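Two complexes, one shared chain (subunit A), two partners (subunit B, subunit C).
Here is the complex of A and B:
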């Protein structure tokens, strides 16, 4: 191995650590303002985790809502290219020292760089839990599953048990099914589902059972995973004897949260705090993302776990702040640049899943409607609960039924409807309401635009004793028109016979197929998924 | 010739050929490499671990002290569970090391390619 060589130290106006959504956004904004910027990332490709996100994002237009994560990633790379951002890959920043000097390892060599300002955008790493057999091959992180299937086209396993019902666990469970894997069960020690109800509901309606207040007793197998035993836990997370359940699986996927990768900031001597609402050890930052060390900023998950949309906004803001710190723009120019971003970020931080509401027990929506207990504890809304939500109305002919029942910052459905049937209003977290007095054109745009896959087009009475239900379908194979099978309810149980009467695809639907099935009319408000006969 | 066809069929099972969102999965050139002395195939540029996973390989190494098996865990080069002996060099993170034609990939026992009974 050659000895590490020490080159002359290179100087940049701004050094960004991490080329994920936040770091790239920061570098773009700084570069646009004339700041000489360099970005280091330890990975072989830029974009962080964005290229593994194949679902449509939440938010509104300004947050790139209803665009899939990997497409947003490509847009960000294109923008970085245009802005002339210099990104060095396979480069691990191993030290951050006094006077903003960093040490970067590439291959077997180490280089020193000095920045007049530094933005740390290192993101987060996955948490893990231990149980008997947790080191066996076949126990993987949820991120590993996403990497294998969405980046490399490899199925993580044939039959998978998911531990963790946060958004990562829910989204990855759905993605596993899209990749052709079977999900045996979704398990969480907590008594309530941690992620968005709509993400849970789209998994539950395919027939995946949810086991809340359960966790893994042991992973079975000698050389690799051949099965798993779970059991119920009491209020103190102790196993309840006699409640064990066994599943034959070859893969156990663990999605139990993320922790900020804030080691560099700690190393540099920034003031830190241990903040469970932010996910662990985070730097104490001011309103401008600046740490206790002037000119050293933090943006994205490293300063508190959220998601990619807010990380991108925080990154852009940090880039603007750094430009002002360095004197490239005035304070007024800075304020002008970030006002819109502030509003956009604020919009994402509203609703019952907002960072400020973490750990709170919320029983009613902002509209004062009781939240579905079934949704929280079993992953689906009960047939007896659905009617109380404003997206569920009735009329003759085809009309949208919106099963969106929690206040989350998202509104593409409102823009999708050219007939203005759907109303979210100014408050982006409001539950969408359907106005039954307006005509529905049955265009399907609302169904395809809903990132939570919570919108159905229903004709409750076709006049011949049948009803039709149009649902979003993102699996292969897509059944042909005329295919007979069974309709599944919100809980994934078979409710009645069904026949596919229409399949619609369109570039405007962005890979979401619209499947219309015919069911006996008494099941119009119960049938929510289609399973072809074997 | 017959052998190759069998490999292709085996790979169909673990590889996603067409994805509902991503469409047809684009891969590099198909190349040969050796895994524990056996000639196998993968796609150039994909992580070694991905090529092995496509073959159904679960165990990448055995730990030095307890000799317990390890495989892919984080798949992003962080946990080092998936390290193997690659071209004679131990501790290579197979999940982030691109596959090249003719590579020699061996199960790692402790820090060696020699099984424990021969060490």
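Here is the complex of A and C:
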């Protein structure tokens, strides 16, 4: 005989644990279908990692491409509010028991809730690596650095060394510079950069050196980090003596991957597997995100590390599946609802960085073009490599030069060009191609729309021996027109004198400033960043 | 019997290595050498390591070190970390004061 139910236990049709991109998305879709839904999150603010993401997202329109992460977070919150989702913050789910009962700590009390279905969307936590001195204050996770900078407005340090060249390491390096920190170097034990080439290139062109096949020997300092020594490693990740390099830094940022926070699922008794491709311990789920326990679903990073864009789609799907599980919609309605989402998710899981391609050595693009070796090993495309890509064409007058050289699912540039100069086509991972026969209006929309900051507007010959290069500039202070300085090449080295001739801002650019600099015309295809004279 | 549960398997003597003094579980201040030695003393599973050394039982509940400990144990046993069963997940998921843990809200009418 079942035990009589506790009368102090609140019941919901659906309980969602985690108010990040997947959890909120799940709650929205379920609520829209009449499911009484409550979301718990241990943080003081909802949105998970989205509110730390100040960069523009990749993808296509349906994936909210070219919108900055924190704006997507706000949109999700608004949508959740409209859908009537109840979100409880500062609420830590400390246990998940049989029969879908959870225990939540809020303030100094614990509360019991029971759901007819549960979606676990607890996300992931950062991995650490050990080296001599790794416990010194000043060694922090890249996510922690982002929290300090982007949520609390605090600079994590003055001079930072970043360990890890995945997208987190690359994006956070750029954000550290935006926050006014100096990035001394970007280091990774792997021989090739793990994240998107465009993310690496925008860091490299500001002058940050990349050390691949290198790792940290030791963090120096007695009560906090005062320096770091790195050294090259061989194929077996053993230090090569004599290759040590020292940097004076006060902060070491570690971005060496994420692990799913799947403990609640394990506790509940879900079947789990250790899947290195998904980031560690993950629940075994079916095509509907349902675990081995009927009615208990997992969505987002907790079921395998991916991007926020895919987490949002997985979440929406889980919300629809839960609605069907609970009988709020029919199977047909469920299938109709998820068809589009399936296609959207599939679109994101394409290209050379797709989960299915992880760990593969990809040497050519889908178009059959050799991938830039410099980009993989040093963070920038060599001057002798750039011409082979379809976004790089030449003509008289201003025209776009698109330095997008890896197949990633992203196409806002195509829609940005009202003159139809830019073509990605039906395959969202295709490299953008520039048609030089069409006129460029110099509107700058393509430059601002590129989440990878890989588009430049170039006038290779202004007729007076100079050329102009327009680049996306996301640093403060923005130099005034007339400011003189040096142009930096793709590798961050100074190539020539430069003068800022135009600064453009517009709401349509969404906080990306377009900086146009004048350089001697022989440097039109080399100058890619501006550094004002001290 | 799989290799992991074969306690008679000879994994050799514990030999100290450079880096053994490095702290791995910072909450409980357990070093790499202590973890390696524990494996040679017969602790082949994550649960045993936890109970024997308290590694991963501190304030962060292994959030930082469990992957590191797993890697060290796996290397000592010459198996893949994926082959090692993770330690049991238990309530409470996060550190919580006993007075809070015991303070069940009896009145849900608020």
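Keep this in mind: the second predicted complex is superposed on the first by the 527 of 534 C-alpha atoms of A that agree within 3 Å, B and C clash if a C-alpha of one lies under 4 Å from a C-alpha of the other, contacts with A are read in each partner's own complex, and residues count from 1 in each chain.
Operating definition for what follows: contacts are C-beta pairs under 8 Å (C-beta built on N, C-alpha and C of every residue); 3 or more make two chains touch, one makes a residue touch a chain.
Treat the numbers as computed from the prediction; the structure is a model and nothing was measured.
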**subunit C versus subunit B on the shared subunit A, clash or fit after superposition** = fit
**Message:** Once chain A of both complexes is superposed, is A:242 in touch with subunit B (first), subunit C (second), both, or neither?
**Reply:** neither
**Message:** Here's one for you: vertex at subunit A, rays to subunit B and subunit C, all C-alpha centres; what's the angle to the nearest 10 degrees?
**Reply:** 60
**Request:** Would you check which partner chain A:42 touches, where first means subunit B only, second means subunit C only, and both and neither mean what they say?
**Result:** both
**Message:** Quick check on the superposed pair: does A:125 touch subunit B, subunit C, both, or neither? Answer first, second, both or neither.
**Reply:** both
**Asked** What is the contact status of A:103 with respect to subunit B (first) and subunit C (second): first, second, both, or neither?
**Response** second
**Request:** Could you look at A:111 and tell me whether it touches subunit B, subunit C, both or neither (first, second, both, neither)?
**Result:** second
**Request:** State whether A:135 touches subunit B only (first), subunit C only (second), both chains, or neither.
**Result:** both
**Request:** Using the superposition on chain A described above, determine whether A:259 touches subunit B (first), subunit C (second), both, or neither.
**Result:** second
**Message:** Contact-wise, after the overlay, does A:223 reach subunit B, subunit C, both or neither (first, second, both, neither)?
**Reply:** first
**Prompt:** Of the two partner chains, subunit B (first) and subunit C (second), which one does A:179 touch, if any: first, second, both, or neither?
**Reply:** first
**Request:** If you've got the overlay open, could you tell me the nearest Cα approach between subunit B and subunit C in whole angstrom?
**Result:** 5
**Message:** Need the overlap of the two footprints on subunit A, from subunit B and from subunit C, as residue ranges.
**Reply:** 42, 125, 135
**Message:** Give the list of subunit A residues in touch with subunit C in this complex.
**Reply:** 8-10, 42, 92-95, 97, 103, 105, 108-112, 125, 127-130, 132, 134-135, 259, 263-264, 266-267, 272, 274-276, 280-281
**Asked** Taking the complex as given, what residues does subunit B use to touch subunit A?
**Response** 13-16, 18-22, 25, 27, 46-47, 50, 53-54, 58-60, 68-78, 81, 95-96, 98
**Request:** Quick one: which bits of subunit A touch subunit B in the complex? Just the residue numbers, please.
**Result:** 42-44, 54, 68, 70, 125-126, 135-141, 143-144, 147-150, 152-156, 178-180, 223-224, 474-476, 478, 511, 513
**Message:** Per the contact definition, I'd like the list of subunit C residues that touch subunit A in the complex.
**Reply:** 19, 22-24, 26, 32, 63-65, 67-68, 81-84, 86, 88-94, 96-97, 99-101, 103-108
